[in-house]
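Both of the next two complexes hold subunit A, though its partner changes from subunit B to subunit C.
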Partner chain A sequence: MSTDPLSFQQWATFARAWYLLDAKMQPPGKIAAATVIRLEGRHKPIYHALNDCGDHVVIINTRHIAFSGNKWEQKVYSSHTGYPGGFKQVTATQLHLKDPTAIVKLAVYRMLPKNLQRRTLMQRLHLFPEDVIPEDIEKNLLQEIPQPRAVPKRLDEYTPEEIAAFPKVWTPLIWIDC
Partner chain B sequence: MAAPSLLRAGLRRVFSGLLGSSWAAPPARALRQVVEVTEGNTTTIEGRIIEDAEAPPPPNPSGQCPICRWNLKHKYDYVDVLLLSQFIRSDGGMLPRRVTGLCLEEHKKVAVCVQMAHRAGLLPNHRPPLPEGHIPKKPKLNRYLTRWPVRSAKPIWKRGPKWCKKPYAVGHPLLKDNVKYTQKPLCLNH
Partner chain C sequence: PPPPPPPPPPPPPPPPPPPPPPPGHPRACPRIPGAALPSPPRAGGAPGSLQVPPEVQPFSRASQFVRAAVILRWKTLKEHFRGRKNRCYKLAVKSVRRAFVRSTKARREKKRFLRALWITRIEAASLEHGLKYPAFISNLLKSQVELNRKVLADLAIYEPKTFKSLAALAQRRRQEGFLAALGDGKEPEGIFSRIVHHHY
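Right, the complex of A and B next:
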């Protein structure tokens, strides 16, 4: 490799980066949308379908994803084994308990463009149910993708000063027995 | 009588108000303290209103319900736990409308937001007391904007073709007039 600055710039532009995404309390659809952009390489100005300029994405905490609405009970994942009587239908809850990464994996797979590149891009996706990552992947990570959904604060996560600063919207009428 | 207690002084004004005028003018609500003053032969028992100087006056005092008085008409959601927690009991249930002073539509909206906040797990300390030693065995799944109770929702086995798919219900139609801070339209059916 020469010390020519232009070749250094070429390598730096077309290098494959590793991104981290925390899926805790996030909807899997929005996670998949952010991931697919990075996997295809559409976040780069040098994007072209034939360029193979996609990056790696590591998604952690897939066990703690949050569905909006009643989708945990209502959403059904169907598949067929190919044999007669092999039509299987599983709710999102059952699938998640069986495999905590399956929901995010299916979401990303179905959002990628339906071409031959889809399988190679899926190989560049790395899913982990908790935030435990193998060391060699952890060393590769470059940047964290911001979370798509703003996680709301629970009532016990507010400090007493914030609770006291919030005004009382109505005053009670006190009833006594005398 | 000798022991100081909080008087039901406001109630007399409620009754006189009901006999004369309509329900539209609510009486003054405040905590009162009984003060007994003896001057010679006369004993004066007075219910003095405790002025809470810390409570700032609402921006719109002519409103009928607390939400209108504080100009929060379409501005709260299931996330605003600090506001919602003022309308719930310690076991998570809603307080009655005649106590809080909310108008009917706002009471329903607050009830819906409280339900969604409970299902999202934002009110962990407002749980009903469980019988002793009972360990809930359900898998804790994260959710938000849940319209229907968790145990009542059934799987949609067949969603239908693309032009008439059965939608997933998200959020609640009562909150469709809320102020939007983004340009995206509010989607209640995913």
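Right, the complex of A and C next:
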């Protein structure tokens, strides 16, 4: 490597970074959308399709993703083994129980551009069902991507002071303790 | 006895053959033997200092350069082709013609492709500063900063601080737009507080 300071800047500009994304209580589609932007490199002003400027993304807690609506029962993942009578259809719940990372993996794979780069970019995606990450990946992490959905608090997560301070329209006759 | 007859005069020497032209000259095999050869072209060559290849047989001085340019362009193109297209005449001719047609059509598509690339880059840079691309562009135009997308993309790459200040300008103009729409009509204080009303 030369001692030219601009070559150092070039290496720094085109270096590959590692990002972390927590998928707890997040819709998998929005997780995939945020991931695909980073994998392709579209978050960088130096983006070009031929530049290979994409980064690594590590997604944790894929077991705790949250579909909206009734998609856990209604969303169907289809595949065909290639043999006659080999058409398989599974609901999102069944697929999730069989493999907790499959839903996010399929979502990202189907959102990436359908070209030869897709498989290479999928190799830069790292999925973990819980927040246990291997040490060598944890050492590489640079920054956390903000979660796409603001997670609402459940009623039992509010403290009694906050509940008391919340404005009431009417007081019930019978007080029910939550 | 009569003196011996004088020897017959020697036959006149044959006319000297015309000097052979230099090997690189276009008239290496002259069409009319004995006719005067035209003077060779200027050493520097006329348009674009083009070197006329020996196999060109020109009828006039001007067309020899046009022909040479065309053949040179064909040669430089086909050398980069894959397979027999870069060696065999019949295949090369088709490929070179299609390459020219495609390059003509691509000149229009290049403009579209480059504009899309600039927009992607500006979007990436403005999201780094917390603004989405439509908000950024529309508010820049409303502030009468009429930089085109090419220049904005170059600024985003090479002048990041300038781009940051442009993003701040667009953000401030956006806030003022909201205040004008939702606020109580009073002019807010500040540098960019004067909202320009365009009357077209």
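Odds and ends about this structure:
By our rule, the second predicted complex is superposed on the first by the 169 of 178 C-alpha atoms of A that agree within 3 Å, B and C clash if a C-alpha of one lies under 4 Å from a C-alpha of the other, contacts with A are read in each partner's own complex, and residues count from 1 in each chain.
Going forward, contacts are C-beta pairs under 8 Å (C-beta built on N, C-alpha and C of every residue); 3 or more make two chains touch, one makes a residue touch a chain.
Remember, predicted model here, so these are calculated numbers, not experimental data.
Upon superposition of the two complexes on subunit A, no clash is found between subunit B and subunit C, which fit side by side.
Note on the composite model: angle subunit B-subunit A-subunit C, taken at the C-alpha centres, equals 130°, rounded to the nearest 10.
After overlaying the two complexes on the shared chain, residue contacts for A:Lys98 are found with neither subunit B nor subunit C.
In the superposition on chain A, A:Pro45 contacts subunit C only, with no contact to subunit B.
Shared-chain residue A:Lys139: touches no atom of subunit B or subunit C.
Using the contact criterion defined above for the overlaid structures, shared-chain residue A:Lys114 touches neither subunit B nor subunit C, since it reaches no partner.
Minimum C-alpha separation, subunit B to subunit C, in the superposed model: 12 Å.
Of the residues of subunit A, not a single one touches subunit B in one of the two structures and subunit C in the other.
Put simply, subunit C touches subunit A in their complex at residues 117, 120-125, 127-128, 153, 156-157. Listing the residues of subunit B that touch subunit A in their complex gives 1, 5-8, 10-11, 29-32, 52, 55-56, 58, 66-67, 69-70, 72, 78-79, 81-83, 85-86, 99-102, 120-126, 139, 141-148, 150, 153-157, 159, 168-171, 190. By the touch rule above, subunit A contacts subunit C in their complex via residues 42-48. Note for the complex: subunit A touches subunit B at residues 25, 64-76, 89, 91, 93, 96-97, 152-156, 158, 162-163, 166-176, 178.
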